[in-house]
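What follows is a pair of complexes built around chain A, which joins chain B in one and chain C in the other.
Presenting the complex of A and B:
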């Protein structure tokens, strides 16, 4: 400032400069305020105390444990226990209520759906997909086509005891014979019955398809489980063959493959791994995906 | 020993200290228009702060009746007739823009009005200084007493002062927490030690910061911690009014006696008699006669002090005054003073303030009493049903922002023969699925829409219409209905 009247207070004279000069621009050597220094010392003390109180220094095979033996793992366990306590009352209500009551009570329903979704993501999504959309051979749980029944109770039973899961004696066990591999049907019979199965849901077939033979083979071998018109029988887990949903696919070769090999998918009996409120929540969750009956 | 070959120009200078102790400031009491203004503003702002939480505002049975309340557990903020949900924090953005623009506008008009009169740091420091003056006496007394060695009398004055400071600080912290819970209830809980630990920790923290900032650190907060002085210095211009020493009138400064003699013989004499009163009253220890200063919070107290002196010696007042750089120059050149309150920047600030206020007001007035949002299931995007129909599933979330439970129906527009279902929903009303949402709550539900597979390449556009069946108001959210052909 040109009109600065008191040159004694020129800051360059008052505090001096560092002696650095860049094109006439000088750097003032203003000392830091003293409280800043004390704050700095305080942070050093804080750091030292932290070293002593918390685990800090790595040793050859372990580390210093700190004064109170705090560990992050312990912290997680505590957090989890806290959550369990927090959910306790709702979990007890889920335990006490029937599946139908849960589905009818908005409060229980939203809790069960949230818990079910979490359990599903961990336990079920590897086979059924993150959105329960299913894969070839693993049923889509969103649609209205159910192998073993889509009521709350049926889903719950399936979850508890699994499918073809030998460790559980109440498991859903029935299985389709390997018609081709075991020589029960001849190749031309398999081809004919595959064509016939396609006609059940009005899918087109080759002109030279032997539907007569196909129908005969179907009535003699398949109808017992899949029903006269291919309408499926849930008691034995035999899929509907006259609808638009296919577990493995509607192509003729895929159908022939299934007839040749027989068998069926497997699912663990979850009552051996999950507690009963979780299984109930899972049943409700799957039921509310859209296909529940 | 060899002789040092290079010449160091600083060798003979004494080493400058790395850390400087604070020079204690003893602001002197003063009276005048700016002091009175500051006192009035202090009373107004502190009363607002201390009593606002106790003002009641009736919002009906299911909502709190506190005029200003930030309800963190329930994630609501209330401000008289306004209720803000977390998704509406953009109101806060608007408020912050308004605050910044108001600050800039003040600065363009009259410098650091905020710093000098309204900033909490200034207001509380002023209050703490008043207490100090009341207990320990004015500047001279305080300086003399601080020079004495510690004795019983000095100790009791200091003890009393710090006790009063701590009391004010504690009261300040105590009021802070009242903005976050029902004030009368919390006051009772606090007294009976039944309030939550967060309340006590907050009070303790704020007691500590108030005591330290307003009692011990004072001007150091403005000098070292606050960013505004730096920004302000960069944003001001030569037309902004600032507390200024009118150097054109004051210099050459000399004693009153010398000045009288000089004037008699027609020699130049400034009006400043170098009595140092302006420095003595300054709460930040600034000598305003050196020109604009980072430390000057523009409180105007030096104007009051100097005016008193000028009256005594019979010279015109306002040797220190709110003035602009342009006018100092123009007076020197013998030109007329000019004032230009209307400048591009002030117009711009006002325009932004008006624009943001209008937008916020519009948003407030048209605020929907309930909102709906829809998220399409990502996985699976669609489901083929056994009869060949396609079904899409959505998560629909209704936020009922009124304090009464309400019954809504859902209608989906944009598809032929769509079948809509709310999972866990309530009975149909006029053929539409219904759902009730509690007072001031959100409810999330799963909605499925089923339709024939129409073989279209483009997904159908859906409108989810939520209707309050009582008053007929609606809220709409849009999404798509996707089929195997329309998944891109």
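Presenting the complex of A and C:
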């Protein structure tokens, strides 16, 4: 009993109790902290003000529009108009200038590269990679090995109309036959021509490779699009086969897979999604990545 | 408390009945919440501004619906929302903000602002089918920094399409305008959509305009779960032609 609290400090006397009594246990009626209470009242006032200022209360056929008639849709239109005003002068210059002029004029070039980089990050990087390095089946855009041409105009056309993109009637289209699946070539012919393709870029082949047969099959089936020496033909998007840059990979099994399945990659027609200055900027941006011709 | 001795009990004391009886408290809570719910939800059913009709929106084709079921089954919504909000940065990144009508046939809807992965409301026609296939198999093969798990089994699992008509029948109870003919031809429609032109494609496109019909994955006649999911993803956000859509007409 030595530690019995001083009755002068008894909180029951200071703040009283709520009067609740559960088997002798009583509840102190301590008031809420002032700062908390006033903050609470302030939030109530804030809510009331919000009801008045912003659209809030549903009525029979409509709803209260608030003091300023604010709507999120009008707001976003305004915000986008703000962007248009901000970019407007430069966008107009980009729209008016030719691709070549944009590339030559430092002011336009720096704007196009900035706009192009942003658009690339959102729209192109999922396939071509954040650094435009490409992935298996998705071309690297940093090198000077182009499927459909690396000039400003060629890149621009590719961006506008896409590749093998059915929804755009001007899309770049060509289709490598499925030599294996459709039974055009026999398995031994596919194996032989895959070995031959490897020799075009001086890659080692198996000792028993039938290069003679491979060359014959290549001349009869592949050369029309890929060129006699595998130099590729950009008009039909046929990749160069005599360099060390590979779209799918240089392994014999990968080459055989491509010969068997044929076909080719697709790219969306971006004119259906992006506006014309953005596409021009993208063309210039991609052209400056390192391989522009 | 002070007037506990007076005849008429104060409001505070009347409140004691709620504090001392849990059942009465629960009933009181339900009444309070219902009022809030009615005031917030009920107007959505009759206010014109919330029932905006937009041209081009149609019910999902059987194959797209099957893809949507897989989307929900795999929990894609845990990371991906389908709602471009009317905010400048979202419109800049994803395209036109989503309209309520674009998800009018979604039961349940896929709205949200959870963006662990990017919003998918406008992902349709943004990537090739092959990209989706590569990306579903192993997201890191095309997006090295991706934290999305791979779903390699989708392209190995044959699509169970036999019961899709029953799904459509249930949805028609919920108000999706599937006709009995659409439900009856659900399985063959799904096969038509997943194949290159097989003669029935024109009739199929009449029921489901703008649907992608192509040989998904190059394995004609053997639809996989990935094929259905890709058919669904390629449709998202492509139904409304925003070149024709009038922003201003719909500000109310």
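Going forward, the second predicted complex is superposed on the first by the 213 of 293 C-alpha atoms of A that agree within 3 Å, B and C clash if a C-alpha of one lies under 4 Å from a C-alpha of the other, contacts with A are read in each partner's own complex, and residues count from 1 in each chain.
Following the convention adopted for this analysis, contacts are C-beta pairs under 8 Å (C-beta built on N, C-alpha and C of every residue); 3 or more make two chains touch, one makes a residue touch a chain.
Everything quoted here is computed from the prediction, not taken from an experiment.
Of the two partner chains placed around the shared chain by superposition, neither chain B nor chain C is touched by A:170. In the overlay built on the shared chain, the residue A:206 is in contact with neither chain B nor chain C.
In the superposed model, A:19 lies in contact with both chain B and chain C.
Once chain A of one complex is fitted onto chain A of the other, the partner contacts of A:75 are limited to chain C, with no touch recorded for chain B.
Residue contacts after overlaying the shared chain place A:228 against neither chain B nor chain C. Contacts of A:240 after superposition: chain B is touched, whereas chain C is not reached.
In the superposed pair of complexes, A:31 makes contact with chain B only, with no contact to chain C. Judged by the touch definition given at the top, the superposed model places A:267 against chain C, while chain B stays out of reach.
After overlaying the two complexes on the shared chain, residue contacts for A:138 are found with chain C alone; chain B is out of touch.
Annotation: chain A residues 19, 129-130 touch chain B in one complex and chain C in the other.
Chain contact summary for the complex, chain C toward chain A: residues 1, 4, 39-40, 42-43, 47-49, 85-88, 91-93, 95, 97, 125-131, 134-135, 141-145, 214, 218, 247, 250-252. Chain B meets chain A in the complex at residues 9-10, 13, 16-22, 217, 220, 224, 247, 250-251, 253, 287, 289-292, 328, 377-380, 383-388, 391, 393, 423-424, 443-444, 446, 448. Here chain A touches chain B in the complex through residues 1, 3-6, 9, 15-16, 19, 29, 31-37, 103-104, 106, 109-110, 113, 129-133, 140, 142-145, 240, 243-245, 288-291, going by the rule given at the top. Chain A meets chain C in the complex at residues 18-19, 58, 61-63, 71-77, 79-80, 82-83, 122-123, 125-127, 129-130, 135-138, 166-167, 181, 261, 263, 265-268, 272-273.
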